[in-house]
């Protein structure tokens, strides 16, 4: 059927087989085996287009393999393996299956050579991932999941509309580099933008990620947004607008990350913040910048995973991830604290850790191409990341003022997953050549120059100093049991209020009308309500006579139109 | 074709006028009468109008009954009416009778179950049933929320 | 608006141990050394402003201070009680116990 | 030349297949009554359906490449004699109807035993076979008046079948009565239309009619005939706003009958409409184009939205499906109104795909009725856990109803959107997509009720027996199968569309 075996099929087969296995350990084992086999398939996949299938007269290219696709597919496989290892204790078939489907769809989307198969997998990630949110099982989670699903599916629908227009304009469905200009490309851009967390389109991210289960958040953090980064790099590399969008993403999320109380939400904002770096890189569009975006995506998947794993472990042991309720946990969770520090060092771009060798590619590219404002904002973003994530997370959870909580160290499989992920962070930092070899373009870049090391150390140290002094002086925003508004306020609070006010007004008007005894108007409104309203069961039991009247009317219209011609 | 209202045109198409009057009468009864049996009667009149339309179409002026002589020597000068519409309408009459009897049988059952054959009364009962179902449903659902 | 201040209090200056002060002094020393290091080697700059001595020290210092101030102001504006979106909001719900494995270590 | 008419020499049993197609179920019906045995009724009905399915498959294979089979009843040559004329379009319909019957009947055995009084079973299956053979007859015949006769055979037995739901709810009787009045008026309009055509042309054979209308052109009589036929058939296919009989009829009929009718009866009516608009008349006539685009299309669009909205607000699963059917018929009519090969292909494929989808859903309704007595959302909540297999099938076929990629429903909507775009009708394509969003809402409501709400505390529902599950799943798997293997249906539909438009072989 296919000339190569599509890696996504391994995940699909795994997802079909997994629920049938009776034993939880067997299921967890199978779920670990799937990304290993999938990763091996990706590693050995020949370059070029493969697995072309025909659907309803369209040729769909299931696999278009080049270095840009393979690096994302590989990091997705690795992330799937690590997060499934972290989730070894999960007994819930739904979560296990959804994870496989989610990771499989993301990998399928990365390899999709045309817009239709991209759309299919795009929606696949949306639908599979929402189960990780619903798996929390509370009513709040259900509503958050609905919001998340609505936005994600909308993104897919927009993508499909864009694809249809694109097909009409160009006669091709191939997913290649495109230039903004037509309605089609704008729609596709918008669809990717939603998943990518563009400013004002990003409210789903911080709304939904912290709501998922302990393991679900780790899994969510790896795929959807990085898939969007891949799609941008594939379709819109070098689009100048993206530089400003990326700058906006960095700026708009920084404050939220500073003042948010839920540590998993802090990490969601921080993730969104880091996406801004990649988007700027894609906007610059040079080989160096694209390498930077791809490598930073890889590094970001890993360090974000280890941080979320550590916070997840804390949640798993204490039942909360709120900064206001935590602190001093290093006493009983030393290893988790250590791994969190590795993640922090990576996101702070300390030398010898992964962020150092990837972020600098983007910053250098911005300098080379004379995008000084973007460069300055990214520099500011780096310094801010030191404060709001790299220091705040370990401080709030592990090292800050004691909360009195004395939980056990995280379970062994979690420690193993965190340790492996942390090891990857260090490995990339120490030996960046291995990662550079996988990047889309040849890399001729030296990270470890004296200048670079010193400047980065200065940046981190001074940002840390500001944090420490401000915290000591009591000027740093306090972690309080409160929530912080974001743009999702518009549809969570404003819109319902407006609709409520409107319907109240309507009700008042209705009362006015009813009291005025305007019988004919009342009759019309009543009938309108009944034809479509929930009580239409009553109204729609039409007497035969009126049915016949309708027939006569239609016959009359038909006869008139027929004769008129 | 002249569309002027001249007498020969009106008289020449008298079968169509009758057909239209009968058809409209039948349809009117179906629409206006609430009694189920009367509706069936209206339906019958409506169908009869169609039968008449067909039969009058088959009539050829001066034509005789379309029966072949037994010796099969057909006189080319004799004009026969078209037998086909009659045959068709025989089938349609059978269908009409079947419809009528089925309709009446249904009315008997409706009378047993609803206790009335007036449309108004039946719809009142049905509306009450639907309202009761709706009330039960919304109560249970709101309780659950 | 009511805010639960009890747990914020643990971050108050008086509740931070003597280690905190020592750490800040240490950190300041590291910063000073790094600042001075700038004069010890030759930079190859792309952006003119980089050639300013200690640019990578002053820039984060200034911007981070500014950020902290902006954040404090915005926190005052955007902060809402936990039950703001209640009842159908996850913030008002405890994490379901069957998804957790709480174990206390006795120390 | 692919449309060559095969010479008619019925020498072997094989040559009599078109006749047997009708006669087998038609004579099985009285056989059931004469046998009078409650135990034998179902096996006879099932055997007749299976034989019909085999025959229809053999016929379909003969004509799928664009060939035509003509069969002369009693050896009388058309146009005087009645002709059965089979091309790809009606072979496709014959196959759909008999396949649905074979799938639904095993399901019906348990479902009918639950919903219909035992003493009525023999007559029930006899009426079912009459309805079945009537529908097949409508599809197979090449004679305009014969269409009416078969239409009435199927309609009369349908009224009986719907009324047999009275054991569960007495409103089935009034639903059947209303349908009888409406159906009879529709059929009579149809006869009037045929009468006008006969007056204008002097023939009843469809091919002959097409010839003569084509040569003499349109006149008032032909135009009036067209209008009456359109409205008559429109009533039968529940064309909005003449759909008012349908919701009650489908809601109160026994579930097996709802499944069978939803999947076949309206579809056969759509076929009749296709046959008359494209074979007997032809889109070359201005009056036809105007009528389709200014009368049928607005109503079709209206149906897609108005009926969907009503479906969204329903609180009864079965009634919701009935309204959704009205909306889906809008899609088929829209495809016809496009008057292009792609549009017609969309209509025919949707006819098939919607048939299997609705069959699956209505059978699932039957399963819920068996276990919960009713299908209000408060009766079936939480069934995702209590009846996992039935509910999973509802999810699959619900996705197909929405038109999610990978399901049958997607294929037909995709082709429909393509057809609209080909004509440059942007707004129409957008409306199709927008109305699919409404389908998302009403399907989601069901899924939410089934999976996200707890079951009633007094619920003792358990999974239904295999004899019901297997047919449900055959239909559900067909939804997926024809969503992935799109070639089979699309090829047959394209060839049918080409045959109807007379572009076969070009």
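In this document, chain identifiers A, B, C and D correspond to the written order of the chains, with residue numbering beginning at 1 in each.
Criterion: a contact is a pair of C-beta atoms (placed from the backbone, for glycine too) under 8 Å apart; a residue touches a chain by one contact, two chains touch by 3 or more.
Note that this is a predicted model, so its numbers are computed, not measured.
The chains that touch chain A as well as chain C do not exist here; no chain meets both. Set side by side, A-B and A-D show the greater C-beta contact count at A-D.
In this assembly, the C-alpha centroid of chain B lies 85 Å from the C-alpha centroid of chain C. Chain geometry summary: the mean Cα position of chain A and that of chain B are 65 Å apart. In this assembly, the C-alpha centroid of chain A lies 44 Å from the C-alpha centroid of chain D.
Centres computed as Cα averages put chain B at a distance of 25 Å from chain D.
Residues of chain D in contact with two or more other chains: 177, 181, 185, 220, 315-316. Contact of a single residue of chain B with at least two other chains is seen at positions 27, 30, 39, 126, 133-134, 138.
Each of the following residues of chain A touches two or more other chains: 534, 537, 541, 544, 546, 548. Taken chain by chain, the contacts fit none of the simple shapes, being neither an open path, a ring, a star, nor a full set of pairwise contacts.
By the contact rule set out at the top, the touching chain pairs are A-B, A-C, A-D, B-D. Per the touch definition, chain C reaches chain A in the complex via residues 3-5, 7-8, 10-13, 15-16, 20-21, 23-24, 27-28, 30-31, 34-35, 37-38, 41, 43-44, 46-47, 54-61, 63-65, 67-68, 70-72, 74-75, 78-82, 84-85, 87-97, 99-107.
Within the complex, the chain A residues that touch chain C are 89, 136-141, 143-144, 211, 213-214, 254-255, 258-259, 315-320, 324-325, 327, 331-332, 364, 367-368, 372, 375, 379-380, 383-384, 386-387, 400-403, 406-409, 411, 450-451, 454-459, 461-485, 492-493.
Only residues 177-178, 181-182, 185-186, 189, 220, 223-224, 226-228, 230-231, 234-235, 241-242, 244-245, 247-248, 286-287, 290-291, 294-295, 299, 306, 309-310, 313-316, 319, 405-406, 411, 414-415, 417, 421, 429, 433, 452, 484, 486-487, 490 of chain D touch chain A when the two sit together in their complex. For chain A in complex with chain D, the residues that touch the partner chain are 54-57, 116, 119-120, 123, 142, 157, 161, 164, 168, 531-534, 536-537, 540-542, 544, 546-548, 550-551, 554-555, 557-559, 561-565. On chain B, the positions that touch chain A within their shared complex are 27, 30-32, 34, 39, 119, 123, 126-127, 130-131, 133-134, 138.
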